[in-house]
Structure formats: structure tokens, C-alpha cells
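When the chains are written out, they are named A, B, C, D and E in that same order, and each has its own residue count from 1.
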Amino acid sequence: MTILQRKSRKRARHAKADEPVTETSVLSTEDTESRESGTAPDATKELPRVTESNGEFRPSAGGWIARLLTWAVLLWLLLAVPGNVLSPFDFGVSDINLAIAATIFAIIGLSLNVLIGYTGQLSLGHQAFVGIGAFASAYVVTDLGLSFWIAVPVAAGIGALQAALLGAVSLRVTGLYFALVTLAYGLFAEQSLFSFAEITGGDGGKPAERPAGFADDHLFYYLCFGFLVLVLWLDWRLTRSKAGRALQALRENPKVAASYGVDVKRYTLLAFVVSGTFAGIAGSLMAHHQQIIVPGIFSFQLALVFVVMTVVGGLRNRIGVVIGSAFFASLGEGGGAGDGGGFLERTIGLPAEFTGIVIGPILLLVVITLLPGGIGQLIAPVKNWMLGKRFDRHAGKLKEVEVSDVRA
Amino acid sequence: MSLLQLEDLVVGYGAFPVLHGVSFTVDEGEVCVLLGLNGAGKTTTVATIAGLVRPWSGSVRFAGGELGHKSPSARVASGISLCPEGRRVFPGLTVQQNLKLGGWTRRKHSGIVRDQLALVFDYFPRLAERSGQLAGTLSGGEQQMLAVGRALMSRPSLLLIDEASLGLSPTVARVVWEVTHRIKADGTTVLMVEQNAGALPYADKALIMEKGTLTYTGVGEQVQQIDLREAYLGA
Amino acid sequence: MSVLEVNGVSIHFGGVKALQNITLTAGEWEIVGIIGPNGAGKTTLFNCITGFYQPTHGTVRYRGRNITRREVHERAALGIGRTFQNVGLVKEATVLENLRTAQHLETEYNPWIGIAGGASSFFEEGRITRRGRQLLSLLGLSEIAAEPVADLPYGMQKRVEIAAVLATDPDLVLLDEPGSGMGPEEAHELGEMLLALRKQFGLSIVMIDHHVPLVTRVSDYMYCFNFGEVLAEGRPAYVRNHPEVARAYLGEEPDEEQHARENGQVDEVREGEHVS
Amino acid sequence: MLDEIGAALVVGVLTGSVYSMVALAIVLIYRASRVFNFAQTEFGTTGLFAAFVAVELWGWNYGLGILFGLAVGICMALATERLIIHPLRDSSRVTLLVGTAGVALAAIGIQFWLNNEQPIRQMPRLVEGTAAAPFGTPVTYQQVITFLVLIAVAVGLVFFFRSPTGLAVQAAQQESTASELVGISVRRVSMLTWGIAGLLGGLAGVLAGPNLTFSAGFLTFGAGAALLPGFMAAVLAGMRSMPGAVAGGLLVGFVEQLGALSIFDEVQGSRALLLFLFLLGVLLLRPQGVFVREKAAV
Amino acid sequence: GQKAGVTGFAGGQPGQPGEPGVGNGADSMGSPDGTGGGVAGEDARGNGQDAAAGNGTGNGAAEAGGNGGNGDGPAVGDGDTTGVTDDTITIGIHAPVTGAAAFPQESFRDGVGVYAEYINEQGGIHGRELEVIFRDDGFDPNQARSVCREMAEQEEAFLLIGGGGSDQIDACARYAETVGVPYLSAGVHEERPGLGSIATDAFYALSLTYAQQIPLLTDLVNSEHAGSQTAVLVADNDSLNNFYDEAEQAFEQETDLALAQRVPRNTGARDAPEIGRRICASGADVVLWNASPTGLINVSKSMTCTVTWIGPGNTNGLDIVATGGCPQIEGAQYFSSFPGTDRIDELDPNYSDAYRQKNNSEPDDIGVALWGIEKLVADVAEAAGEALSRESFTGTLSGGDTFDNDVYPPVQFDGDTRFGGTAMHLREARCGADPEFVTQRLNVSP
């Protein structure tokens, strides 16, 4: 609709006559008709050519080799090690489970990043989004007897749908109201929706078989990793395309965005839908990872963990979010396995079972106060370097504000 | 005697210096204008005096004492008041509340606050009209008046004004300059950043800044002779 | 045909009558200047034209079409661009990034295609980036293309804002105090630039400013507002020397008899205030 | 049925008065620091633990124990302000939120750890006994005291925000640079408000604790969970109105309690369901919040 | 095979072909049909490497397959020997020491392995030392499943033991059955909706299930509280659906039932008053409470009347509940599959000494529970003979013999049953006593 109008506007302009208007023409409004006789050349035609920026940094041959090697090591770590291929490590069940959980959490982190990072809306009920995806997927596979490959899109679609509905309601309001609605929705899902045995199979959970060919943990890891790559791609394109820029403008200054022609509601809803889709995919993978998915885990605490891991990873920092989420997945999955040598138990009497719940939050506080930009801030120099830029320790650092005791 | 003394001030943001060793003095009871092109470092200068920005090196002395690392709020208590660039009114508070807060350091002396409030309302009758309106809904110029009024509320001994005329209609801009002239009589020293030559007639001293260094200082009659265009281009 | 017709627009906030029965027109390729005391309702009028405020009475027409009830972004799509009194840019993004954002409507692919990474989106992205750079170079801002907007001095931000509005490919541009925070020299350049841009882009411009010399120099037609009403309108020289304007806005003695005679002198006084 | 509704009203008001106390502090902190303070209820639980330890394990006098609990709550709040909020003052709001959530989680973890020998605890009441039992629901003296304290605190906060200091608190949040420029020490104001919040948290803890058993995270996720209802109440109050926060807490308590009516016995999670529907209704009817006049000054 | 492959019941149990539930390694679908399983087992023996390939389901057992170790033909006693070496037997225990309803971590830290240390000092089990590993399941079924998996597959535990929390026990038991790892726990429920029976293959309950304790409870009411009105309050966890239905029916028939309803799993400030109100309004004076202990205490604190709480074991009869719940729960009577510390010394004089020897803390009742279960495992392993394998272990356990170790009531599995408990002890809260839960009666049987 709007696009059409715009096109017609352009046509109207091109229909103008050719004579340029002179700067000196000083006419009162009464005479405007008589001035309808000039034209303005189309902006794009007249604009001067600009040469692409000069003097860009190009790594030396050695630099390229170092970068390639680093890439190779990274790929080896992500692809070979979990499969126990070309690897001196023995990746056992708990390790591979951790790796799978990490990829799934990373997708959840990216989903939440779209909401918190791109639209600036806080979701305190993301566990419900993920949970509903999980049960939808389990339902499709177990009750309908359909394939996993149908279940994933269904879960994604349902995730998108619920996000859109919830978003539509809360678009009427902004700020903390959205947090409130998602919070109430999460509690409702947790306590009410997930109590319906028809949906969840009861407190014992619903079985969710893995797809043929991916029953093995190692293979299932590659499947999840594939989905993570897909989500990363979509997220990357989101930020690099018109929708991402529109969201950035919306978040920072909705008035400016609207004056650029951004349809505030439409793009906010779009972000909700994208976030819901990612959450649905993650939920589906989570169900098939656990193979029996129980409703009890989708509690508010999980929602809180999701928010925490996303922020600690670094809002609007894709790689940071992935790392942060993976880290929290390991805290959750590893449970007490953190204190291997029993060091803390011997020194301060902190039993291994409690390292996760005591040291985890303290670590979180340390990270967040030292790196308000999250882990992403820490790794930004490395990332830039690996992408062929100069190594710059200050990359990714939030602008230092040398203002004493003042909240800018 | 000079009330304010800047010596070899170097200030920057991140890794880039913006002021490259600025030194000047402002005498007690003087109205001093600081001029310069966009990005010359005027705002940085006054923000440093007010304590919003930490100098890299050099010193700022006020009334004989080194200001050092004093916090902005402590500087207000010692008599420095800044009307900042970009107005920065408290958007969710009413005009009256904004002004009352301007007299925060004088809150124990309700007499002074009352007097100053009456004075500000006298200078800017528009503010009196709108005393119950939330500051955030004021027009740009009204907010600017409010910012100036708020800076006056503490009855400072040194008033710093950063581009007060920005967004003000010529009449009101002139009111602001006249106010600086008037409070001079009460012993208030004024340092104002301006781009508008209209301020010059009210000034006792003019400083011109370019790319982080002072390029011109004039006092008394000299000030009225400044041709800005020439000053900027010719220096 | 006028590009913009504001007809009998009124709006009030509680007790404040911000606009009362304002009528204003802007013709094709015309520059219309608005001056007026603080709080006269100038910005409020812009907000009514662009859709941020809904007038209580009256209509806004754009190229003959009644747009009074249209959403902000729909009006932008019709070709109305504006700047804000207190710099409307995405502050944390770079200048070039802002120009890309501003080309939202120019970016001709579906947002979902963009997210999926369709080939057309890559092509379009390249195109709008080039167009953004061209605009920056046209306004002499190429050097700061990679700077975050927040780090720029106020006057520079004002200029970037104009570049961003041009990037939206508007037909009608509303400029709210483009000259604020600029020194006399810069304000002068701004005037030159506006005239040049009007010519090059075929723009109609409505601009608010307190730099009266700037406004009088570039405007084809001028309005002076006071208390939400039009105090005077007409050709710049007429409005500027209008006794009511002199009294309410310029703060001079309204001496109608001396009016004509003193014209030059008044000019000089203001030239002194705002060297241009 | 009438009995049940009566009981729901009584229980709703009693549980709601704890929500209100939490909501008051959440609103206070939000108005001062623009952050939704997730650690609020943990100031309370930690204070409760401290009071418990003092009274039950160290054998202190009850009153002293309560004071000790309050002091611990205040200290924890001040430490949060200094160590987390202050360093993060330039960060986004959710970063701050995550910071406070981290404080809460750390507190819960530490409570868990230090308390793991005896996970179920009971704190004696200030005054034992039941004041009345309307509709068969016992109302303890403890609960009556809680309610009275709530009213006193709410009135106190309304006056606080009308005072110059209260104005400074809001100013510091809205424009901290400008606050410094008029001479308000943002740091001191921030400490002050967090200190008050800590006190409120401590009060909620030592007053609510004795009515139930308590364990780690008591007021956050445990038997006395008041954080999320408190948050709802605070948002209903538009994150600004103090009387609104009180009314919101009581209302949330009551709506939630309607889920206990026997007609809902077959409905799983009836409380959460009712609350969700209630909030949706509220948002559709009054998007600006329930207890807020538009653009109320205080 | 695989690196950390876990031995499934790859070949049947040669000694007892056709024994249902045993030897049907491929039967992880819960089929009670022993024959089918037997056939699969037969096939599997031929295949050796891949036990499940035989019947083509490939589910679960595919992972469990692997180094069955019996690929080269039947030999008595030669079976799945994962977790058993020449000088050790490794077993794994999981229980919640973190999470929503955690047990004291110290009790598990100190209590786990007390009996193992004791028996190892006595020369072990046929010369093999008993090693016990412990994992926290965080009161989370997923975590329970994953720690059980870790203990079974990575740590190669011979068998797994559920230490508490019925959902976690359920989750781990179901996992254990898919891979054929013997799983022992106190009796909880027998089945749950949607997932069917908990005991399809490798599960063994060492005490009466909740439902099996219902007759004990009605007897208790009629013997000690004759003429009382009763109430039945059961947590709304669906694993207790069966228990609730049966208890309601039994109490209806045999006692004067005044109120029956489900209660939330975590009863706190918002629900306790309403539940308390309903109890008092119903006039009940004996209340069967089978839900969380904190809920029990919270409800008892917000009641205007006093009642006697009764219920099945084990959690609500723990000393920590009385310590936290006294004085409100005075007189509460809970069944338990292990005695309290007040009676253990007369039943098994070695416990307290062994406990103190291992730890420098005082023995508690959770320690008794762990002691009892380790002792039972050791007894069965001892009886299974030198050639210990999972098959010989489960064969011995379910062979019909009664195992009575003086701590747990006697255990006997015969025929098809996986629920081998025969009796319960009864504990009663006496606030002020030490311990506050006294062991009132031993070995009460239906």
C-alpha cells in the first residue's frame, strides 16, 4: 500500500517539466502555480561518484596464515572434537550432552537477543516460548507420528504465532509492560498450560524421538549445530538488512524511525516473530535432545537464566551471546561438576554441588561489572582480527565516559 | 584578582586530545565570552571547569583553590554553576520543581531560593506562566530559558553558560545577555560560550578558540571591535 | 498546486492553546520560513504536519491529499521528511549507518527476504550504501562517515541530520532550527547549501529558525507565529519589517511611522546579532 | 461460596500486604535508578536469615535479632548499589537488571550453601497467636502488624517523595548530569534510596518469614514468593505511584487468591491463569496502568 | 564398540530363559511379553555387537548395545559385568541436594559410602571393594536423567540407586531401563499417565510403594485414631494420581472421610491458608498428607484447628522435617522404609560407629537410609556369588529369596513383581525428643 503510494509519488515527480528553478525566484504563495515549471534532476543521477575508502588495513601473508590457522583450530574444536574425529580427547556422554545443550542455549540466547538487544523489550517469559516449541514438536512426533522434519517448522511456526499474538497485545504499551505481560504469560504457561497432560504428557513428560539418522548423540550434536548456523545466518542478515536498521532506529528513537518511514508496529512485530521462531526451533531441539521433555523445567528460573546468559554474552553481539549462552548451559547441565579437584570444598568448605549456584552468580557479577558489554566486548578484538582486521585491544569496548559519578 | 584560572589544560575523550593546553583567566565581576567554530572545544572547556570531564593535565583554579578532582556537585556548593549544552532539564518534573532543584545547595536558606525564584520569573515571564507544566513538554526555547533560570537559582559566584542563545528567539537571547550584565553587579562572574555575535556588546572580555587552542583574547573596547568572520577566517 | 496546505489547524494541550486556526501553504520548490517567539507553536505545527500530533481541528493536505489522519510513517512514505529541533539521529550508529537507515523506504526488498539473505537484498544494500556515500560527499561529510554520531559536535550533527533527511528522498522537507548551534559562518554556508539542495533535489522546504537573517535570505515566503497564531505572513522583507513582528519577536519598539525608514537600520542591528 | 470469597479477600489482603511492601521498594528503586530490582526480595530473605541466626542460633533477644536482620538487609542493599549499580550506571537497563538478578541468585546460592544442614527453618513470631479468624482464616497478630507497617511505610514514602530529597531522587534519575550540576550528589542520593529499599526488604523478610517455613530464596521463589507479584503490582502502579503500589499489591493478592475458590479446583494453575487474564484485561482497558492518573506529578 | 559404551542386557539371562523382564535387552518399549524379549535376546547373542539389531526397533538399546561381553556364547555367570572389576564394584546414587526440595547436602556427603567403607574393611564382597559415587540431580528430572546417564555410561556404574524425589527416580529409572542398568530405589509409584509402568525391566523397588502403603494407613487410622474424621490431601503430581484415587476410595470405605483433594506441589503463603481453612472446615482430625514437607508445615502453621498428620514414607518422616516443623506437626505419623537413629543401634549396632569413623559428624537418619540400601546391595551381590554380573545380580535379587538386613524391612521379589517391599516402619513426631521423629513401630505389614 505505502509502497504503491510512494511509486506514484515518484511518477509524479518525473512528470515534471525540465526547466530548473532559479534560486532568485522570489514568489509569494499566491503565485505558486506559475512556478510549476521547473524540474529537479533525480538525486541519484546527479550525485558524484565516490571512490571506496582508501588506506584500508590488509594483513600480511603471515597474518593471513595465522588467521587461517586460528580458523582451522576453531572449526576443528567445533566440528571434529565433538565427533571424536581426529581428536585426542574422548568426548563422553556428559560432554557431548553439554555441547548439545550449549548449541540449543545459544539459539535461545540469539532469540532473546532479538527482543532485548534489537527491540529493547524485555521478555521474562521466554521459557514459555521455548517450552511450547518443545511440546509442539514432541506432539507432532509422538502423537501425530510425523517426522522431526515436520515438527521443527511446526514448532517454529507456533513459536512465531504466540510471539506475534503476545506482541500484538503488548504493542499497545511499551517498556516494562511487555516484560509484565511476558512474565504473566510465562507463569500462566508454567502453571496452567503445561499442566495439561494432553499437551505435555503429564509431569513425567512426553517422549520426543530423534530423527532417523541422528539418534546418536554425536550426530544429534551436528544437527543442532546446523540449526545454530542457520539461526546465526538469519540473525546476521537481520542486522545487516533494512529490518535490523529499522529496529535499531526504533529502539533508540522511535520518532526518528517513524519519520524515516519505518512502520513502528510492523517492525516490532517482525522482531517478535523472528524471536519466537528461533525460540520455537530451540524448543524443538531441546525436546529431541532430552528425548523425554518434562514440563517442570520450564519455570521462571529458566527464563531468568535465559535473560542473564544473553546479557552476559553481550547484547547485540552475536558471538558473545553464543558464548555466554553456552557457558550458562554448562553451568546448568554440569550442575555440581564445576569444582573438579574439590579445591573450594577444602578451602572455604563450598561443596561441589553448590559451586554452580554460588560461584555461578558471583562470576556473573564479576563479568558484568568488568565487562558491561558482556563477553562479546572481551572477544571483539579477536573476532575483528579473525575477520582480517587489525588486532585492536580496544575494539568492542563501550565508549569510556570520563564523567565522574554521573549517569549519562 | 582572577576568580578562575586555567593553566595549560589538556583534555580529551578516549585517546584523542581535544584541548591542547588552554590557559586563560577570568577576573571577578567580569562577563567573559568564549567564541569558536563547531568542535573547537568550547563545551569541553566549560565542562571541565564544572567537573563533568576530567582534565588529562593542567590545572583549574577557582577562587584561589585548585579544583582538582572535586565532583560537579561539590563544585556547585563552592559557587560554580553551569547551564549545560543541550538544556538537560528534568523532563518529568514541573518547571517550578526544576527551578527549586536549581537552588538545591541553598535549600537551607529558603529566603534566597524564594528571591531567586521571583527573579527568574521576572526575567522569563513565560516560565512563571508555565510553572506547573512538565519540563519535558516545553518548547525548545522554553526549556532553554528554564535551564538558564535553573543555573541562576543557586546564586553562583561563577556562572558558566554554554550557548544559552541556542534556540532562543532574539528577544529572549537578549534577555539572557542582559541578565549576565545585571548579575555582574551582584558580584557574579560569568563565562559564556557563544556563537552569536549579539553577545559581544555585553562582554568585558572575549576569547576565541580554534581547534583546541586559544587564538585570541580581547578586553574592553577591543571586544566590541571583533569581526567574527574575520576572526575565524583570518586567524 | 501547493505541495503542503495546512488549513485552520488548532491543537491544545490541557489549557495551553499551542496552535489556533493556523493556515499555511508551501508551493512546489518553494522555501517557506517560519519565525516566532519561543513557544509560539512552530515545532507543534511540524508535529501536526508529520503526524506526531493530531490536530484538534483543521486539515493537513499534501499534494491535494488529505493526510490529517495518516500515520507518521505513511506520511514519510508520501515524501515528507523532517529534522528535529534536538537532533533526530540514531546516536550510537555511525554517520553512514544513519544514512542507510534513513533510506528505509528506498531499500526495495521485503524485510523477510533481507533476513533470509536473498540475493536481491545484497544488491540493494550495496546500492544504498553507495547512495549514502554520494550524499555525504555532496554535503562534504565524507570524512566523518565512519564516526559515531554521538561523538560529533552539535553543529555537525545538525548537518548530518540534513543529509539523513535527504536520504529519505523527500519532496517536502521540514527543517526545525537547522541553524541552531552554528556560528555565523556556518549559518551562512547552511543558507547556500539549502538553496543548492533545493535546486538539485527539487525540494520544497519549510524551515523554522531563529537566525532571522538566514531565514529572510533563503525564504520565498515567510510566516511569523505568536501564541499559536499567524502574526504576519508574506515576503520575507515584509514580514521581517512588520511592526508586530518587531515588537513580539525582535523586541524592538513598534514604530510604524519610522518603519519603512528604519528598515535598513533594523537590518543592521540584526546583522549584528546573527552575522550571516 | 460467600465464605470462600471472604476467605480469599482476607488471604489476598494478607499475602498482598507483603507484595505491596515489595512493590513499594521496587517502585522506589525504579524511580531512583531506572532498574527493576530483582534483588529486592533477597534483601528480605537475607535479612530474615540473619535475624533467624541471631535469635535462634546465637540466642539474641528477639528485638535485637530483628534489628540485626534489618541492618543486614540495608547493608546488602548498599553493597549492591556500590558494587553493582554504581559501576554499571552507564549501562543499559537490562544489564542493570541482570546485575540485580545476579545479586539475588548469589544470595540464594549462599543461603543454600550455608543452610544446607537444615533446609527447613522456622522463625518465631513477633507476637504469637491469632488475632481473629474471619471466614475460618486465621489472621495472626504478625499479619496485622505487617499490614500496619505497610501502611506506615507507604505514607512515609509518599511524604518522602514530596520532600526536597524525594525530588532530588527523581531528578537524579531523570537527568543525572544536570542533577550533579545543581549540586545534588547522585551518589549519595542513590545510596539513600537503596538503603531505604534494603530496609523495606528487610521489613518484608522479618515480618513475612515467621508466618511460614522458610528456606533459601524464600521471598523470591520460595514459599513466600513475593517478587513477581510485587513486580506486577509495581507496574500496575505505573512504576511511580506509591499508593498505587500498595493498592496494586493488595489487588494482585486478591485476584490471585480468587484462584483458590473451589470452582477452580479442577483448573490447573488457576492463580496464574486469573492473573494473566486480569493483566490482559487491564492492558486492554487501561494501557497506562491502573493506579496512575495520566502524568501525575508525584 | 563405543568408547564409553554401556553394556545392555545384550544376551538374555541364560540361566533363566524366558524370565520376563530380564534378558530382554531389546525390550525397552515396555512390552511385558517375556517371549518377544527372549527372542530378541537370542538373536542378539548371535550378533554380539549389536544387541538391538535383532528385532529391528533400534530404540534405546541401540545405544545400550556394544560391548556386551557375552558375544562369544553362553556361560553361566558370564554376563554384563560393567562396573565390576576384579577388585571393585562401582555403584551410583543420585538424589537432590540442590533445587526446589533438596535434602541436606551434608547428610549425603557423609552418609554415602559409610556402609561401603565398613564392608570394605571387612574384606569387601567376594574380595571386591564397594565403591559408591554420588551425583546431585538438582530436583530436576532432566538433570537426574543426565547424571544417571553419566554414571552409567561414563563412570560405568554397575547399578544405580535413587535416593529420593519421585520424579527424579521416575526419570532415572526409565532411562536405566532403556539401557538395562539395574535401578534400585524406595517404592514410589508404579506407573504414571502417559508413560506407563515405571518397572518394565531393570527397576526394583526396595520398599512398599505409596499405593501399597494405603492399607497400612487405614489400619493406622482405625487402630490409633478410631472414630476420627479423615482427610486425604495429595500433591497434584500425576505420578500420584493412582495413589490419590486408591487412597480416597480406601479412606471413604474404611474411615470417616471428610475431605479429599489435591494440593499444589509447593504450598506456600498463597495456598496454605485456603487448604488449612478447608481442613478445619471439614472437621477432619486425621489428615493423610502426601505432598511436600514444607507444604505440610506451612499448612499446619495457618490452621485454626489441630490435626494428626499421617502419610506414607519416606520424606515426610525425616528428622529434618520435625526439626523444621515442630511444634506444629506434633504427633505426625509417617511410614518409613528405614528406622530413625533412635532404634538403629539396636537393629544394626555397626551403623553409628561406622558413621562416626568415616565422618566427624553425628549420624542421622538419611545416613541410615543410605546405609540400609548399600547394605542391601552388598547382601545381594554377596549372594550372587563370585561371578558377579548384572544378570546374576538381578537374578539373585528377583529369585524369590527374602533379603532382610535389619535396616530396611525384609525385601522379597518373586515372580514378576518389581516391588519387593513387605513392610514399613512407623515414625512419629514427638517435639522436644531427640530425635524428634521417634521410631514408633517396626515392620508394620499390610
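Methods note: a residue touches a chain if its C-beta (ideal position, glycine included) is under 8 Å from a C-beta of that chain, and two chains touch if they have at least 3 such contacts.
Small disclaimer: the values here were computed from a predicted structure and weren't measured.
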- prompt: Going by the stated contact rule, which chains contact chain C and chain D alike?
  reply: A, B
- prompt: What chain lies farthest away from chain D once each centre is taken as the mean of the Cα atoms?
  reply: C
Statement: centroid check, CA-based, most central chain -> A
Message: I'd like the Å distance between the centres of chain A and chain E, where a centre is the mean of that chain's Cα atoms.
response: 43
- prompt: What is the distance in Å between the mean C-alpha positions of chain A and chain C?
  reply: 37
Statement: dist(centroid_CA(chain A), centroid_CA(chain D)) in Å evaluates to 32
- line: Distance between the CA centroids of chain B and chain E (whole Å) is 78
Task: Going through chain B residue by residue, note those that touch at least 2 other chains and give them in order.
output: 13, 51-52, 71-72
Field: Interface hub residues of chain A, defined as touching at least two other chains
entry: 195, 351, 354, 357, 399, 403, 405-406
Message: Using the touch definition from the top, which residues of chain D touch two or more other chains?
response: 112, 116, 177, 180, 185-187, 221, 268, 271
Query: Quick one: in the complex, what on chain C touches chain B?
result: 13, 16, 35-40, 42-44, 85-86, 151-156, 177, 180-186, 210, 212, 249-251, 270, 272-275
- prompt: Touching chain B in the complex: which residues of chain D?
  reply: 164, 167-168, 170-171, 174-175, 177-187, 295, 297
- line: Interface with chain E, chain A side, in the complex: residues 84, 90, 92-94, 97, 195, 197, 201-207, 209, 215-216, 290, 292, 294, 296-297, 333, 335-336, 351, 353-354, 356-357
- prompt: Which positions of chain A touch chain C when the two form their complex?
  reply: 2-3, 5-6, 9, 12-13, 16, 20-21, 23, 25-29, 31-33, 35-36, 38-41, 43-44, 46-50, 53, 233-234, 236-238, 240-246, 248-249, 252-253, 255-264, 267, 270, 274, 399
Interfacial residue positions of chain D with respect to chain E in the complex: 3, 7-8, 10-11, 14-15, 18, 112, 116-122, 130, 133, 135-138, 208, 211-213, 215, 221-226, 256-257, 260, 265, 268, 271
